[in-house]
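Residue numbering begins at 1 within each chain, and the chains themselves are lettered A, B, C, D and E in the order written.
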Amino acid sequence: AEDPIKVGILHSLSGTMAISETALKDTMLMLIEKQNAEGGVLGRKLEPVVVDPASNWPLFAERARELLEKEKVDVIFGNWTSVSRKSVLPVVEELNGLLFYPVQYEGEESSENVFYTGAAPNQQAIPAVDYLKNELGVERWVLAGTDYVYPRTTNRILETYLKDQGVADADIMINYTPFGHSDWQAIVSDIKSFGSAGKKTAVVSTINGDANVPFYRELGNQGVSASDIPVVAFSVGEQELSGIDTAPLVGHLAAWNYFMSVDNEANYDFIDAWVEFKGDEKAVTNDPMEAHYIGFNMYVEAVKKAGTTDVDAIKDAIIGVAVPNLTGGIATMMPNHHITKPVLIGEIQDNGQFSVVWETPSTVAGDAWSDFLPGSKDLISDWRAPLRCGNFNVVTGKCGGSAEVASN
Amino acid sequence: MSMFEQLTNRDQVFEFLAPAASPVDVRHGPILYLEDVNVSFDGFKAINNLNLTIDDGELRCIIGPNGAGKTTMMDIITGKTRPDTGSVWFGSRHNLLTMNEPDIASLGIGRKFQKPTVFEALTVFENLELAMATDKRIFPTLTAIMKPEYRDRIDEVLEMIKLKTLRDKPAGILSHGQKQWLEIGMLLMQKPRLLLVDEPVAGMTEQEMERTAELLTSLAGKQSVVVVEHDMGFVRSIARKVTVLHQGSVLAEGTMDQVSNDREVIKVYLGEEA
Amino acid sequence: MSIFRLLAGLALAWCLALGPAVATAQVQDDTAQTLLQRLAEASNAEKSKVLKQIAESGDERARGWLEAFAGGRLATVKSSGYVVLVTSNTGRNWQVASAVTGDSMGEMSRRDLDSIRVNNALRSQVEGILSVVDLSVADHRARSAAARHLLGRVDTVMAPLIKERLEVEENSQVRDLLANALAIHQLEQGDINAIEQLSGSLNSRVRAALNNAASSDDPAIAAAAEKALASIEQKLKLNKAAETLYFGLSLGSVLVLAAIGLAITFGVMGVINMAHGELIMLGAYTTWGMQQLFPGQPGLALILSIPAGFMVAALAGIIIERSVIQHLKGRPLETLLATFGISLILQQLVRTVISPLNRTVVTPEWMSGSIMINEALSLTLNRLYVIGFALVVFAGLMLIMRRTRLGLEVRAVTQNRAMARSMGIKATKVDIMTFALGSGVAGLAGVALSQITNVGPNLGQNYIIDSFMVVVFGGVGNLWGTLVAGLTLGTINQVLEPWAGAVLAKIMVLVMIILFIQKRPRGLFPQKGRAAEG
Amino acid sequence: MLKIQKLNQYYGESHTLWDLDLDIPQGQCTCVMGRNGVGKTTLMKCIMGEETTKSGSIEFAQDVELTKKRIEDRSRLGIGYVPQGRQIFPLLTVEENLRTGLAVRKDGSKKIPERVYELFPVLKEMKHRRGGDLSGGQQQQLAIGRALVIEPRLLILDEPGEGIQPNIVAQIGEVIRKLIEEDGLTVLLVEQKLPFARKYADRFAILDRGRRVAEDEIAGLTDELIKKHLTV
Amino acid sequence: MWLTRPLREKSTQIFLGVLFSALIVVTFLHLFMPQDSALHVSAYTVTLLGKYLCYALLAVAVDLVWGYLGILSLGHGAFFALGGYAMGMYLMRQIGDRGVYGDPVLPDFMVFLNWDTLPWYWQGFDMAWFAFIMVLLAPGLLALVFGFLAFRSRVTGVYLSIITQALTFALMLAFFRNEMGFGGNNGLTDFRDILGFNLRSDATRLGLFIATGIALAIGYLICRGIVTSKLGRVSVACRDAEARTRFLGYRVERVQLFVFVVSAMLAGVAGALYVPQVGIINPSEFSPLFSIEIVVWVALGGRATLYGAVIGAILVNYAKTVFTGVMPDAWLFALGALFVLVTVFLPKGIAGLLQKRKKAKDDDTATGQEATA
C-alpha cells in the first residue's frame, strides 16, 4: 500500500486547556478510525500523529514545527485558544502546512494555510444579539468577558453594532475579569442593579472556561433568573455544562452553530459513534467537535477532489467543497477559508442540554474581517486565483501587508 | 606582642596615609559613651538608665548576672537593637544611634558573639578573609585579589587560633570551642578600634584561657576592649576596671577587689564563697 | 404580552372564585391529548393560546402539564404524535410516561422523540399562571413568592382581583408585596399617589417602575418619582456597603480555608508544599464522589464529605509524607521540587482516572439561594455556610495547635528536630500526624470550594498562589495571621473591585502585598524576638 | 550504668572517635575532659544517638544496647541530655520548653516538677517568654531544667556551666551532688574548668584526639596528666 | 580580573569546552550533513536546542541568586519576560507595513484596538541598539527598584520569595490587559526579521542558536566570576548568616541588590534570545508557575553549582520534549516522577552526582586558592 496520510493533532492534553481540547483530540481519532474503516482516502490509510503542546503557547509553535518538519504530516487539526493559533500561524505559513481550526474566534485573520471551521463573530455574536433584541426586547446590555482578545474583540464589534442600532452608551455595561475568575459576587450584584433600571436587560457573556461555573452559581444564588436577566454565552457548550449543576441555569442561553440536542439523524449517528468511542454513556458532543467533523470531511473531500495530499493542490481544491453538517444543513468552504454555518440559539435545560429556541433561516458565511471595526471594514479575503489575498483592501485596491507572505 | 601590631599595620607605611576607615575623634574624651539608655521588650525593661563610658585604649570587664543586659548592651552599641531612649556615642563625633550595623562595623567596632556565629559554608580561611579589614564596598570586593601579604596575615592568625590544620575545612564542622576561636580570629582580622567580646573563654581549658587573657591584654592600649565574662578567674587575670551590671543598669564599678567585696555584687552574682 | 395578562387575570378569577372545587374537574383524556398535541404543533405565538386553554380547562393535571412544559419535559412520539411526559432526559434513551394517564411507557430512544420547544417567554407565562394560582395557597412563603412574581406584571384585568386578595391576605409581607404590585400598576396608569406606597421599597422591580416613571411625560410624576428614587438610592448605598463587606468576608473566608492547611504544613512544619492545591482538589473530588454514591441526596452527601474529604486528603498527605517528605528532613527548599512533582502527578492522575472535564457537584437545596435581609440585601447561602465553615475549621485547628500535645510537639520538632527527639518526642509520628492534619484541612477546603467553584483538575492550581500569599502576608507560623490576612485581602479586593474592575483590583491587591511586606518584612503577625531575627 | 566499648565514629571520612572505652559507674559523676575538638561532644551525641557510630557498643544499665535504640527511646530509658550550645526551642515559651520533657516521664505527670523552678527561679519568672529571647545564661539554665523535667536516671551535661553566673554554677554543682546522693542519679559531665570538675566529679576521663587516654578517680587527676592532655 | 579568573578553573574550562564543542558539532551537522542523513540536525532541532540554551541561561541567573545569595526568587520569569517583551517590541516594529492591516507604524493589534498613535513606551524600539539596551535595562531597572525596596527593608526568606511571586503575578495580570499596549493575551507574534535577517530562514535560526550559546558562555563566566570572587564569598556569607555579615561591615542589602540586578539582566537576555526563536511572547511567561518551574530546574540540576542549573534546565526541557511526544497522555507522570526521584535519591541534584564522582578522583581544591592573583 501507499504511505499513509499523516494527520497531525495539535491539542493540549495537559495544562489548563486540556479540559476543552482533549475531547477534540479524541474526536479526531474517532473520525480517523471511521475513515480508515471505510478504506481511508484514495486507498491510503490515515495515520494520526498526536502531540501535546501542554497549554503552553510557544510550545504550540514548536510542536507545529515538529509535526510539519519532522513528522511531515499532511494536515494539522488543532488549537483552541486564539493565542495558540497566533503562535502556530507563522510556522504553518513558513512551512506551508494546513491547519484546521475548530473554535469560534474573534476574526480579523485570514491565512492561506488556515481553515477556520469555527464561527467568526458574525456567525455567533451578531445573530445572538439580534435574537435578544428582536425576540426578547432587550434594551440594556451587559457585555461580560474574560480579559483576552476574543472577548475584547467580540465586545468591540458588538458595541459598535449596538450603537449603530441606537443603543445609548449608558445602556451598555462592559466588564472584564481575569482567566479562571472565581469570585463573581460583586459583578453579579452590579449586573443586578444595572438590570433594575426599568429596561429589559441581558448579559452577553464571553466568559471563558472555568470561570463560568462560579459565575452561574452566583447568578443562581443571587436569584438572577433567566426570565429576569437572561445570559447568552458564546463559550458555554455541552461540555462546560457537564461540569455544572444546571438546575439554577435553566433558561439561560447560548449561541452556537451546533447543539448536541439538534434533532437530526446525522447528529444522532455522530453521538452514537462518540458514545461508543468514549465508552461513556454520558459523553457529550459540542460545537468545536462538529467543526472538526466538518473540517475533517472537507479535507477528505478535498483530497479526493485533488487526487493528492499536496498542500497547494488541497488549498485550491477545498474552496467550494461542501459537506453536510450535523444540524441538517450544508457547510461550504468559502474563498476566505471560513465556512458557512447556521446560527442556533439554545436555552439551557436541566439535563445539561440546550433546547434550540431560534435559528437563522439559512446558513451564514463567516467573515474574516468584521464590518464593524474601522480598521477592517474595507478588507476582504479571497484565496482563489488570481486575487490570492487574505487582506485585500477594497478601497485602495491593494493586498495589505502580507503580500510577501503570500508569495513566500 | 609587637609582632601582632606589626602585622596589623603592615599596609600602613605612613601613619597619615592610613585609610580614613575609623575617623574616631577621641581627643575630647572616651571612645564609647552611653547615656541614659533604656530598652524594653514587650514591657520588660532589659536596660534601665544605663550609663557607661569606655576610654580609648581601655580594657574593661563587664560582669553581672544572667539577664543583666550585657549582651543587649552590645546589641545596642553594634546597632542590632535600637534603644527606646538615650544616646550612644562613638568618640565625640559619631552618634551610633543614627547608624546601621555595617556603618558601625566599618567605623571600627568589632564584636564576638556570645553564641559563636561563623559562616558555616565557608572555610575557616574564608571566614577570616571576609573579616579582614579591607574596602567592603561592592566593586572593590568583586575585584579584590588575594595579595600574598593578606594570605600571610591570615595564616598568622590561623596559627594563633590553632586552626591551621582545619584551614580549608568548612567552618560548619568545627567543634564549639573551635568556633569560639574562629570568632576571635575574625575579630583580630577586623582590626577594630573597639572590640566587644562576649564570653570569650566559655568552653576553653585553663591554658587556653590564659592565652586568651594574654591576647586581650596585649590588644588593649592600641585598641579598646570590652569583655563580658562569667569566669571570675579569667576576669581577675585581665581586669583593670570592672563594671557590674544588674537589671539593666550599673550596680558597681571599680577594681576587681572593690567589686568582688561589694555586698550587693556578692549577693546577686558571685555567691558567698567566690 | 397582553394575552398573558388576560390569561393570568382569568386564571386568577378562576382560582379565586371557584376555589378548590374546580381543581377536581377533569377533561376527557382524548380532549387532553388533543390539547397537548396542539401545544406540540403550535408556533410560539399559538402555544401561548394553548397554554391559556390548558389553564382554563381546570383539569387537575393541568399544573403538571404546565410545569412539564416549562421544564422542557413534554415530547411527542415521532411516529404517532402522541404526547408523552419525559421523566428522565439524560443520555440517549429517555424514560417516558403518558402525559394523560401518567402511566410509564418505559424507555424510548431520543431519536424517536420530538421535544416540545419552550422558551423563556413561554416559561415566564407559565410561571405567571402558576403564581397567580399560588396566591391562594396556604403556605405563606409560596404566596409571597407568587406575589413577588406579580411585581410589575399586574394589569387592568388583574388589578381589582389583587385588591380583593389584598383585603383577605393576612401575612404582612405578602400584603406589602401585593400592595407594591398594585401600586406599580397604578403608577403605570398615571396615578401619582402610588409613588408614596413605592417610595420605601428597595425591590428592583419597584425601582424599575420608578425609573420608568421618572422619564414620564408628566412632570409632576417624574419629579415625584425622582424624589422617591433618591431616597431609595440613599438606603441602597448603605445596603451596598453592607453587601460589599459580606462579599469581602466571604471571599476572605474562601482564602482562609484554602490557606489554613498550608499554614500548618508550610507555616508550622516548613514544608513548601506545592501539592497543597491538589490536596484541596482531592477534597473537592471526594465531595463529587460522595454525591455519586448518594444520588439524589446531595445534602447528605455533602455532610458526609466533610469527614470523608478530610480522610482522603489526610491519607494522601500521609502517603506523600512517608514516600517523599520524610526523606527531605532539613532540606525544606527541596520539598518545593518534590511536591511540585507530586502536584503534576496528582493533576494528571485525576485527568486520567476520572476525566479532564469538570465534574458536577450539586448544591443541596438548603445551601442554594439566599436569605433576604431586605429587598436590596440578600446573603447568598452557600457563601454564608462557607464563612461559618471556615470559622469552625479555624477554631478547631486553633484548639488542636494550642491545647493538645501535638501542637507543642510539632513546633518543637520543627524548631530543633534532634533536640526534640532527645526529649523523647517521636518526631516521625509527629511529622505524619501534622502533615496529615494540614492535608486533611486542605481536603476540607476542597469540600467547601466544591460549592463555590469548579471541581476539575485545575482546581488546585487556582488556589496555590493565593494560599501562599495569605500565609506569608499573615506571618508564617501564625494561624491568627492566616485568618486575619485572608479576611483582609478578601475585603480589600471586594472594596476595590467595584471601581477598579476585577483585574485591576487583583493587581492592586498584589502590589499592596508587596508594599506591605516592605513595611512589615515578616507579615501581619511576625514572629518576634531574638530568635526570629536570627 | 553505662559501658562504652570499642566505639568508633566518623564524620564522613574523618575518624573522630577511636576504639573508645569508657565506664560510667552508677550513682557517680564522671567528668570527661579534653581540649577543644577532641570529640567530647561527639561522644555525648553518640550516646544520645544524634550521631551514628560505626562500630562498638554502648551498654546502658547492664542490659540495654543503646546503639540499637532510636533517639526518642533513649530518653524514655531515662537519659537526660543538656547539649552544648543549649539547643532550646527558640520560639516556644519557657514553659513550653519545659513541657516538652513531660511526655517521657514515668509517672505521666502533666505538671512541671516544682524542683526545676526552685533551682532556677528565673525560669518561673520568665515562664511566658520565648526561649530564644532569654539571655545566654538563662537559656543554659532552661536547658538544664528541661533535662531535669524528665527525671532521668542518667544525666548528660555538656559544659553546663558555660555562660552561667558564678553563684548559679555553684548551685548547679550542689544540685548535681544532691541528685546523685539522694536519688542515685548517674551523671556524665563534660567540663573544662578544673575547679568545678575537682569539686563535683567522682571520676574523670580524658580524651585526646578521639581516644580515651586516662580514666580514674578524680583524685588521680594529676598536674602531669593535665599538662600532657589538657594544655595546648 | 574577576571575569577571567574562572577561565583558570577546571570546571569552567570543561563547561565552556563542552558548550563550544556542542555549538560547533550542531552547526556542522546542520550545515554539512545531507538532509536525509541520520546525523543531520534539522532546523527544528537547532531552534529547539536554542530554546534549551535560553532556559539554561535563565536557570544560571536563578542559581546565582538562589544558590549563592539564598534568595529564592519565585518571580524570575518576570525578568525573562521583560527582556522578551523588549525584544518582541523590536521585532514587532521590524514588521513595518507587512502586518495584516498594512500600517507602517502601528502593530496589528493596535490597529484593531483602534489606537491611532504609537504609545510613548513603544518609541525607539524600531532601533536595534535601543531595543537591545532595553533588554538589559527593563529587567535591570525593575530588579533595582524592587530589590532596593525589599532588601532595604530586610525582607528575606519566604517573604521575599512570595513577593517576587506577587510581582510576577501582578505583571502577568497587567500584561494581560489590552490597555497596557502589549498585545494582551495574544502577546507579540508573527515576527519577520531580526537585524535585517529573515527569521524564517534556517541560517538566521542557526545564527540565533549560536548567539544564544555565546550568551550562555558569557553569562556563565560572569556568574562564575562573581561567585569565585570575594564578593561571591560575601554572598554566601549573606546567605548563611545575614546579620553576622553586617557586623563585619558589609552592606548586605547592596550585595543582594547588585547580584539580584545582574541576575535579572541575565534573565532578560535569555528572554530576548528566546523570543525570536520561539516566535511569540505573551503574558504566560510571567506566570508564577513558570517561575517555580525554573527553580525546579535549578534544584534538579544541583543548586549553587551554576553548571548544575544548565544541566537541570536542559534535561527537564529535553525530557518535556521527549515525553510530550512519546507519551502525550502520561508525560506529566513521568516528569513529576522525575522531580520526586531526583529529590529523594539525589539530594544535591545531578551536579551532586557528578561532584561525588569527581571527589573520588581529586580531593578538594579550596576556593581560597583559586583567588590567588
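Quick note on the criterion: a residue touches a chain if its C-beta (ideal position, glycine included) is under 8 Å from a C-beta of that chain, and two chains touch if they have at least 3 such contacts.
If you're wondering where the values come from, they're calculated on a predicted model, not measured in any experiment.
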Where centres are the averaged C-alpha coordinates, which chain has the largest centre distance to chain B? A
Core chain by centroid distance, with centroids computed from Cα atoms only: E
Would you mind pulling out the distance in Å between where the CA atoms of chain A average out and where those of chain B do? 75
Starting from the mean Cα coordinates of chain C and chain D, work out the distance between those two points in Å. 62
Calculate how many whole Å lie between the centre of chain A and the centre of chain C, each centre taken as the average of the chain's C-alpha atoms. 29
Averaged-CA centre spacing for the pair chain E and chain A, given as whole angstrom: 36
Flagged in chain A as touching 2+ other chains are 13-14, 147, 178
Junction residues of chain B - those touching two or more other chains: 41, 80
So which stretches of chain C touch two or more other chains? 347-348, 461, 503, 506, 528-529, 533
Residue numbers of chain B touching chain D in their complex, please. 41, 44, 64-68, 70-72, 114-115, 162, 173-178, 180-181, 199, 202-208, 211, 230-233, 269-274
Chain A-touching residues of chain C, taken from the complex the two chains share: 71-72, 89-92, 110-111, 114-115, 117-121, 123-124, 127, 204-205, 207-212, 236, 243-244, 247, 250-251, 254, 347-348, 351, 356-363, 368-370, 378, 380-383, 452-458, 461-462, 493-494, 497-498, 501-503, 506
List of chain C residues in touch with chain E within their complex: 272, 274, 323-324, 327-328, 331, 333-338, 340-345, 347-349, 352, 461, 465, 468-469, 472-473, 476, 503-504, 506-507, 510-511, 513-515, 517-519, 521-523, 533-534
Listed in rising order, chain E residues that touch chain A in their complex are 42-44, 47-48, 51, 95-103, 109, 111-114, 173, 176-178, 184-187, 189-191, 200, 278-280, 282, 284, 320-321, 324-325, 328-329, 331-332
Residues of chain A defined as touching chain E within the complex: 13-14, 50-54, 56-59, 61-63, 65-66, 69-70, 81-83, 86-87, 89-91, 94, 108-109, 147-149, 152-153, 156, 178-179, 373-376, 379, 390-391, 393, 398, 400-405, 408
